[in-house]
Structures are given as structure tokens and as C-alpha cells.
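Look for chain A in each of the two complexes below; its partner is chain B in the first and chain C in the second.
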Partner chain A sequence: MNSEIPTRQSSFLLFIRKHNYLLLVLPALLLYTVFIIYPFLNSIRYSFFEWSGVGPMTYIGLGNYHTIFFGALQEFFVRALKHNLFAFVINFSLQTIFGLGLALALYAVTKGSNLYKTIFFLPNTLSTVIVGFLWNLLLNPQWGMVNRFFEMVGLDFLSRPWLGDPKLALPTILAVSAWRGLGFPILVYLAALLAIPEEYVEAAKIDGAKGFQIIRHIYIPLILPTTFTLMTLSFIWTFNMFDLIFALQGASAGPNYATDVLGTLFYRITFGGMGSSATGMGLGAAIAVVIFSVLFPVSYLLNRISKKFEL
Partner chain B sequence: MNRKQLTFMVVLCLVLLVANSALARTQTVSLWNWRGETEFWAAVEKEIRKEHPEIRIDYRTFIPTEYDSILMVGMQSGEGPDIITLRGGPGVAKFAEPGMVERLDKILDFSLFPEGALTQASMNAGVYGVPFALQTYQIYYNKEIYAKYGLKEPATWDQLIENCRVLQANGVTPFYFQGREGWGLSLVQTTIGASILGAEWITGLVKGKNAFTDPKFIDSLYKVLELKPFMQKNFEAASYSDMQMAFPMEKAAMTFGGMWDVKSFDQIAPEKEWGMFLVPPVKKTDRPYAYAYMDGAYGLNSASKNREAALKVLEFTTSAKFGQMFVEFNQEISPIAGIQAPAELTELQQGLKFVEHHALPDIYGVRSVLTFGVPDVHTLLGAGMQAILSGEKTPKQLAEELQTGIASWYKPFQK
Partner chain C sequence: MELPRWRPGKLTQIILHFILLAYSIIVLYPIGIMLLSSVKGTREIFTNPYGWPASLRLDNYSKAWKLANFSVYFQNSAFVSVMTILVLLFVSSMAAYVLARFEFRGNRALYMLFISGLMLPVRLAVVPLFTMIRDINLLDTRTALLMVYVASGIPFSIFLLVNFFKSIPKEIEEAAIIDGCGLFSIYYRIMLPLIGPALATVGIYNFIGTWNDFFFPLIFLRTKSKYTIPLGVMQFFGEFTNQWDMLFSSLTIAIVPVIIIFMVASKQFIRGMTAGAVKG
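Let's turn to the complex of A and B:
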């Protein structure tokens, strides 16, 4: 019997010696578990309860999910989801067209490219609150610079209630988001272009390819994996979109929910406040679970597709 | 260690000891609200410290639209303030029901408060907060502009429209309107509704005898649209804080505003004079009404670690002295009986008359019984008004949405 104890201890020590990397990973794993895994699992748990955030919790099974898909929140959920999809399409289109276009221009520039890179990336360094505050001032209907400029150059018809018109509010916010975030895809595309071996371009030139032909037949196919990566990131960002809308329109995501996305819907439902149509931590947790359920498989799928285009 | 160093160490220790004793004696009471009253609460602290020198007040203010969510998170995490400013009506019940605020009527003296004022701070016959302000919403006008074009305060709705036409014909924007924030639009509609619908109809609505889908209510929604041609360009994107700056800067002759706006207007343009009037009724023989409501109440956090000190502060808020300070500092109406507005605060004097002679006995918007459930009328009306003004919905559609939404939980509407 006494001989068994040393064997168990030595097995354990042997295991640790063989997999000593686990000890190195343990601190990070602990932090990740406490701050990511545990809250994530707790959110799933909360989603099965009716709970205002204060007071007792009542188990209601799939009641919250029923409210989201078939009940009082259905209209809000569907509208928010549509806005997120719209945001993704616009965001991805803008970053591909302008991001790639400006990256190609920077690629061709020999002098001053560092200065241009700094200028393009500068808005990305500003915090969302600052960006929201700044554009709130610029878009002010009475004394904002945007409308003032249009009036000064005789384009009065372009002086609009940018953040107050239900048709214009979301596109305006997406334009502000694009202005802020364009620096990142530009730099990523530029890095991808710089990674393309010169021999491919030279070979194409020898075969008689010029200008746009080189872009179309050499650059674009070779940066396709980068495009898919940016598409995946764009999808994740737009579906997590919250901060800029909150900074510009508040949690009520007006006018008349025209700028409501899943993030603002989640915030309003979970934490209440003006503009809440239904409230509850449990209901908010259910929305968070639904957002994750959409994000995770789509991101995984996009990632798998992008690997197919890698050389 | 030489003598100098030793002396220095001894003196340092004594200083630290004294400072520590002073700190230990100080009791800091935290108080949160949405009202931006830093100076006021500094003055209240000074007054309280005359009798209780150990008390300090740590006041924090938040953006009004985010206050509720920040408070909830704070209370949930145990980091809530000692004194919570609760919104009237459902805001009190929200924290009283789970026992997060203490019942106060058995601890504090509420003899200076009329019964009506205590109702909105009560739940199940217990009082859970000290009411602090009665608010009214009305139309402010620039007296100078009005006098310049020979205009008088309108006695009927048609006279108001005529005033707007005269102003517009002379190149003056009649109304500066904030169209971006739903809560403000809801208040505009209920202010118009107060006089257009009348007290009897509104009481009938609250009791379930009338409905939002009645032609009379739909007409009150159309009244807001009648003002649309007289609003400033791009009003849809103007925020409430834009209005608070634009009106005193004479960007328009009139605006809708609450009693709390007078102080802002005076700070921006102290030399200007404002008048105010209730929305005039359709017929001259009808009475104009004021949409008056209890803004909120101060509650005691059940988990407060400074309960005794917090109770001393709350005790002060039930006194006539506090009421008088509140009126003079904030230029708003105190619910404490017998508090007089100083003669120089003419708008406040006017507001007091509105409350005394024109207040609706029952209200149907913010702080009313129609906000106790989900969806609530204040939220539906706010978003709905934006939809009407942008043409996305018709007044009839909004009326149907209000009726269906409130009827889903409000028993008098369920027939």
C-alpha cells in the first residue's frame, strides 16, 4: 500500500514534467476563464430566467427566446438584425472599394507614403466617444460645419437633418464609421500588396500586361485571402456595433429606432432606460446568446472559405 | 537618526494621526441624479454641516437618458449611492418592490407634503422617497420679439397659429423645436394634449372610458403636425440641448420647455425676458391645462453603509429650508407646502400658478399610471411622434399602436 502513494505522486510529477507548458499557460487560462468563459456561461444561464436585474430570478425556460422571435420584441429584433446586415454590406463595400483603392494608390506612391499612411490611420486612433462628439458638432442641423459648407457653396438642398431623418441617420453613422475605420483595411491591403513577390508582376509585364490588367489578374487574386479576412472582421465588427451609435444617438437609437442594431437593442433591454420597450437582464442575456449564435457560425464559415483561397 | 530627523518623524506621525481621526469622523453620503446640481448640493452640504459638521455629500450627475441604466448597474453590483434619486411613479416601485430602498414614512416627517405629492413616491401605502420637484411643460416665448410684432399670448389654438404666421411672414422662426429626442417629443404631445383634450377626457382615458383611438386624441396628434411648418429647418436633428441654447440666442420666438429650462435660458441670455403660457385650448371658453407631474424623489439605499448620515441628509430634504433653497437655486417648483417663489423669479411664480389653478387631476404620459407596464406610453409616444413628424406613420396608426400596446397590460383598457 505504501508503495502506491509514491507511484501516484511520481505519475503526477511525470505528467507535469512532460507537459510543463501547461504551467506556463495556466495564469492566462485562469484569467480567460474568469473574465470570458464564466461570464459567457453565466449569460447563457441568465437567458433562461426572468430577471429585471434587481430582485429575485424566475426560471422561465425558453420564454425569453419566445419573446425575441415571436413576442413583443420580434419587430425590434428583426429591424435591428436588418440594420446590422445593412451595416455589414455598406461597411464591407466601402472598405473594399476605398480601402483597396487607397492601398493601391499608396503602393504606387514613392514619396510621402508615410505621411499619407499617418493621415489615413489618424481617425482610427481616436476614441469612439471623441468621434461621436466631433461628428455630433459637425452634423448639427443649425450650426454644424457640414450643413454650413453646403449652404455657403449654394448647395442648400444638401443641408439635411442627417441624424434626425430616419432614412439618413443610419447611412450617416455608417459613413462616420467608415471615415474612422478606413485606415485599418488600407494598411492591411497595403501589407498584402507589399507581400506579393515582384517576380509575378515582372512576369505579367513581360507577357504584356499593363495597369488595370496587373491589378485584376495579379493583385486581386493574390490578396483574396486578405479580403476574406477583412470580410470576417467586418462582419464581427458590424454585428457588435454599438459604441458609435450610442455616442451619436444614445441607447434609444432614434429617430424612431432607425439606427437600432442588435448591440443597442441588447443594451436597452438589459439595462433599461428611455426607449426601452421591454426590459430584463434575462431577456438581454437571451439577445446576447442570439447575437453569438449568429456571429460564431458565420465567422467560422467565412474563415473556412478564406483558407480555400490561400496559396 | 539625528535629532532633526527624529523631530520630523514625530511631527509627521502626529499629523497623520490627526488627519486620520478627522477622516474617520467624516461621513460621506453619496447621492446620484440626472439633474446637474453640483452647486446646489454643495450649498446643501454647507447648510447641513452647520448642524452636522461630520457630514459630506458626494454628489454625482449623469446624462438623463442614461441615468436609469447606470443606477441599475450600480445597485446590482452593490456600488449604488447612499441616496438614490428615483424617478416618480414606476421608478419608485422598481426599487421599492425588491426592497432595495427603505420605507421612509415611519422614519421621516412628511407633514409638509400634500398627499398628492406623496402618491407618486409611494407603493402599497408606504412612502419610499422624499419628493423634490413638481414639473410643468409649457410654451416659452421671447417677450421682445412678441412685442416687436404686436403679438399677445394666444387664448385659443387658432390664435397661436396666427401668431406663428405673423412671425414667419416677418422672417422670424416661430418655433425652435427639438425633434431628435423621443422623451421631449412625448412631453410636447402631452402638453398639447392637456389643453386640447381637457381634464375630463383625460380622466376618462385613464379610467378606460376613452381610448387613444378616439377621434379627439387623434386630433391632438394632428395638432403637433399643424406646428410643423413653423419649426426651424432640419428640426428633426435638433437635440434638447440645441434647443436650450438656440431659444435664448433668439433663433426662434417660441419653444416648448420645462420649468427646469428657465435657469439655462437665464444663464445664456440673462438680459432677455421670457414669457410662458399653457397651450391654448381650441375654444376660448375651454380651460387651458398644465401637464404637471412629480419629477422624482430621494430614496434611501437599503444597503447603504452610511445609513445614519444619509438619513440626516434626507431629513433635511423634508424641511421647508431645503424647499426654499431648491426653489431659489433651481428655479423649479417644490412640492413642500408653503414654499414661495421669490418675486424676481417671474417664470417660477407663473409656474406655481399653473400648478395651483390649471394642473390636470390625471395625467396620461410621463410618470402616469400608463408608464407602469411594458410597453409604456412615454416610450411609445416618443418614438411614435418621430414617426409621425417624418411621415413614417399617420396619427391614426400611432393611436392604434398606443391603444394596443397599453391594452396588453393595463386592465382598464382590457374590455
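Let's turn to the complex of A and C:
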């Protein structure tokens, strides 16, 4: 404790001397505030201005939001949003069906699970963009190994422009993203399965339950919290998608915006410009705020729901 | 720790292995093709995509390495990733230590402030980040990347480390104080070693994220000599679009080191990268 002798030190310094441990928090707090909090708040502020990034900023109130929801950008915004939602549904379905399925298989086999785990998780360690470039080559309509394989085994009709066909492009990209990302839900589900107490399974067996029944009545309900966590993560991930699409289709998210998502739209508006009035940093900031306004409540909600399912 | 659990019979086991094997092939197939193609000539890749190369063109790698300027890219990636986790672990463990072990007004609020960052996808703040970095003349620097990566890694790191710190018994600290250790000493010599596993988890999680990141180098970097590996590969793909032997070789160079490190330390990798989603 400080002595009670009055000194000429300011009360601020006294405070620091008494609570000197707070200094340890300062570096993290500074970095975090300057590079995360402050830009984040500024994003909201910028969204109310029209600004090309240099020069004067013009205050336009909700003008950017009007452009997004009702104006020149509406068509793009709605389409991108639809693609994000589609991506989420597909991504979550794939990860639940195949993620859980493969996890159950891993759980049930008597040996080899470690090797499988390593193999399955391998693509997760690779850079998304590099994965994109690799598959770009593999899916090349003329020379790509995928189509050549189909031709070699006589399934010529499957040899298509997977990335060039507006109807196939987005599902193809989602398949690639599943190839890369499935390892994560598999391992998370596996850990959840391994955490289920033995007594439950034993009790079920004593009651005469067979394999599939055990799955349905014991395992699946008990991993519901995990499913919600993975759902939240899937939602966040699909709404942030950018790298893979950029690598496979470029910033314009072709063909003909068939793979455009909020992330690529955001990038184009902010850094690529689109010509005419729909361009600039203010507009980009507004899109970012919109994306965040969707992300935050939904992930918060999903989080709350998942807590309800925990035992 | 193998507890008795549901173990289906032999026939089911064979079917399960079949399924697992099939998926393994799906996973390994692109990587295998990549390796196979990287030692072929371009024409051979086109005419004989699945066959064994006529001759193993190992010089593809040295050519791609030089053409793509990979030594620079590897250096940049290594610098940014290593520095990021060093700085991140340092600042966040200090902060986490204080948040976990000291009671003061505002502790909870400060903690919540940090944790809220988990919900803020940092990419969405990229517009002001970009202009701010530009205005303080740090555009096109690796330092800018460093700052952003450390800042965005702080929420998760503090979240994980505070939990770890809280589980350390108070007696250890009290004994150290009795022995006359100062604040920083306690932090550095006693607390840090005790949370080694947590530090490794945070370290791996952030290292891989930083090493693989493409978005921020894309936004911030302009000079090719500062590019990290993902950006460098993009550059290479743009320049050598039709030379598939070079393209596959460059991908191999970019990916294989990561794969090797992963195979060696797969357990830690997996633990690090699934942290937060896996309970316990």
C-alpha cells in the first residue's frame, strides 16, 4: 500500500503504482483497440458517407444503405445473399451428414483411426486459396484431371465445365470447400462421441438395443450441442467466404455472378469499383455493416440455443 | 484411454473400413495428382494425366522455385507468422494473467471487451483498417500485417489463456510472493511455463491461420518482394498460366512443407486447430 504522506505525484501515477499489474494488460489492449475496435466503429461511421478513399467525404446519411437495399446494388446484394444462404445450407448439410457419418465410422472401428484422422484433417491445414488454385487446374474443362478421369472411364457426360457453367459453379465450389473443410467437423464430432459416458451405452445394450438403435437414441441426441456449435461455425464461415471463390473465379465471381457472395461483392465494391455510382469505400463499409448485422444476431442466437441443449 | 464402447461385428468393421478408405482416397487424390504432375512436362500432363512420368523432372522444382521467387515468399511468410505468434503469445498471456488472477474494478468489463472480438470478423473492418494503415504510412509493409494478425488473434488467445490461468492453484503464486518474486518474475518464470500446452494450442492455431492467410496480404501488400506464399502463388499463376508443369510444381513447393510438418506433429496440430469447438 502507498504511504499516506502526500506527494506531488499525480493521482494517475499513484493509481498506476498501486495497480501496476494493469500495465501488463496495456499492450494487448492497445493493439486490440487500435486495430480492431477502432476500425470496427469507424466502419459504421464510414457507411454514412460517400467516399472514394481519398479526398473529401460526403455525408449521405442512409444513402449507401438505400443503394444496397433499394438502389443500384439491390440485384447484386440479393443474389449474393441468396448464394450465401445456399452455401450455408449445403455446407451444414454436408458437414452434418458426412462429418457425423465418418465420425461414427471412426468411432466404431477397432484400429487405424489415428491414421484416418491424420489423413482426413490434412486438407484443413492447407491455405484455402492454394486449394482453390489446385482445384482450378483439376477442374479445367479441357485438361483437368477430373474431366479426363470421367472420359477415361467412359462417363463422358460427366465431363463438364464445372466452374464455367452458371448452374454448376457454386455447387462445385461448395464441393471443393467440403473437400477442404470436412476434417474439422469429423474430428469435432469424434471428440464429442468419445466424450459420451459409457454407462449410457451399457444401459442401452442391457435394454437390448442394437447398433442402429443405439445410434438413434443415444448418440445423436447427445451430440446435439456439438451440432449447434458446428452450425454456428458453418454459418459464420459461409457468410465470410471469399478466398476460395476468389481463387476459383476471380473477384468478379463468375460466371455471370453465379458464384457471387457477400464477401466478393464487398471486395469488388471497396477495392475493385464497379463503375457508375455504386462504388467506393463508404458503400463498402455499408455492405460490411450489413453483413455484420446478419452475422452477429444469428450467431448469438444459435449460441444461446445451443446452450439450452447442453445437459 | 480405450473404454469399452459400441463395437460392431466383423462384417460391419469391414464395411466401415471400406467407407473410410474411400474417403481417404478422395482426400489424397488431388494431392497425389499434384505430386505426380509436378514432375512431368506440360505436354505430358495434358496427354497423359494419370500415367507415370516418362522421366522424373525433378528440375521442375528448382525452376519453379527460382521463377516464382519462392525464397523471398517463404522468408516473408516465415517472418510474419513467427513474429505474429511471438508477439501475440507475449501480449495476450500477460493480459490473460492479469485478467485471471487479479481482482479489480472493470476486470469483467475488460474481459468482455476482449471476448467480444470473437464475434467481430475482422475482415469487415478492412475499409478503415486500410485507410488507417495507409495514412500512417504502413501500407505495403509486413509490420501492418503483423499488427493486424496479432490484434485479431487476441480475443481467442485471451479467452483460452484466461481459462487456463484460472485453473492454477493460488498457493503457487503466494509461495512465489513470499520468496520475493516481483510481478513480472511471477508471470515469466512461474505462470508461463505452467500454461505451456495452452500456449502451444494458441500458437499453432494462429501460426497456421497466419501462414495460410491470403486476404490481408492481398489488401495491404503491393511490392512483390514482400508477398507471402499464398499471394506469391497467385502471382505465379497469373504469370505462367499455361505452363502446367510449373504451376503444379509451385503448388507442391507451397504445400509440401506444411504437409510434412503436419504429419510430424499431427496431434498438436489437430488439438490446436479444433480448440474452442471441442469441449475438454
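As a working rule, the second predicted complex is superposed on the first by the 280 of 311 C-alpha atoms of A that agree within 3 Å, B and C clash if a C-alpha of one lies under 4 Å from a C-alpha of the other, contacts with A are read in each partner's own complex, and residues count from 1 in each chain.
The rule is simple: a residue touches a chain if its C-beta (ideal position, glycine included) is under 8 Å from a C-beta of that chain, and two chains touch if they have at least 3 such contacts.
These numbers come from a predicted model, not from an experiment.
Chemist: Looking at A:G284 after the superposition, I want to know if it touches chain B, chain C, both of them or none. Which is it: first, second, both, neither?
Modeler: Once the two structures are laid over each other on A, A:G284 reaches chain C alone.
Chemist: Using the superposition on chain A described above, determine whether A:G53 touches chain B (first), chain C (second), both, or neither.
Modeler: The answer is both, since A:G53 touches chain B and chain C.
Chemist: If you stack the two complexes on chain A, which partner ends up touching A:A195: first (chain B), second (chain C), both, or neither?
Modeler: second
Chemist: Could you figure out whether chain B or chain C reaches more residues of chain A?
Modeler: Counted on chain A, the partner with more touching residues turns out to be C.
Chemist: Which partner chains sit in contact with A:N256 here, chain B, chain C, both or neither? Use first/second/both/neither.
Modeler: The answer is first: A:N256 touches chain B but not chain C.
Chemist: After superposition on the shared chain, which partner residues are touched by A:F271: those of chain B (first), chain C (second), both, or neither?
Modeler: So A:F271 meets both chain B and chain C here.
Chemist: With the two structures laid over each other on chain A, which partner does A:P141 touch: chain B (first), chain C (second), both, or neither?
Modeler: first
Chemist: Who does A:L126 touch here: chain B (first), chain C (second), both, or neither?
Modeler: Second partner only.
Chemist: Check the residue A:Y116 against both partner chains and state whether it touches chain B (first), chain C (second), both, or neither.
Modeler: A:Y116: touches chain C, not chain B.
Chemist: Which chain A residues are contacted by chain C in one complex and by chain B in the other?
Modeler: 53, 271
Chemist: Show me the residue ranges of chain C that touch chain A in the complex, using the header's touch definition.
Modeler: 3-8, 12-13, 16-17, 19-20, 23-24, 26-28, 30-31, 33-34, 37, 45-46, 49-50, 90-92, 94-95, 97-99, 102, 104, 110, 113-114, 117, 119-132, 147-148, 150-152, 154-155, 158, 183-184, 187, 208, 211-215, 219, 229-230, 233-234, 237, 244, 247-248, 251, 254-255, 258-259, 262-263, 266, 269-270, 273-274, 277-280
Chemist: For the complex, give me every residue of chain B touching chain A.
Modeler: 64-70, 72-73, 75-76, 94-95, 97-100, 179-183, 232-238, 242, 246, 251, 374-375, 378-380, 382-384, 386-387, 390, 392, 408
Chemist: Quick one: in the complex, what on chain A touches chain B?
Modeler: Going by the criterion above, the answer is residues 52-56, 72, 139-142, 147, 159-166, 250-252, 254-257, 267, 271-279.
Chemist: Quick check on the complex: what are the chain A residues that touch chain C?
Modeler: Per the stated touch rule, the residues are 19-22, 24-25, 27-29, 31-32, 34-40, 42-43, 46, 53, 102, 105-110, 112, 116-130, 133-138, 143, 145, 148-149, 152, 179, 183-184, 187-188, 191-192, 195, 198, 201-202, 205, 211, 214, 226, 229-230, 233, 236, 240, 242-243, 246-247, 263, 270-271, 281, 284-285, 288-289, 291-292, 295-296, 299-300.
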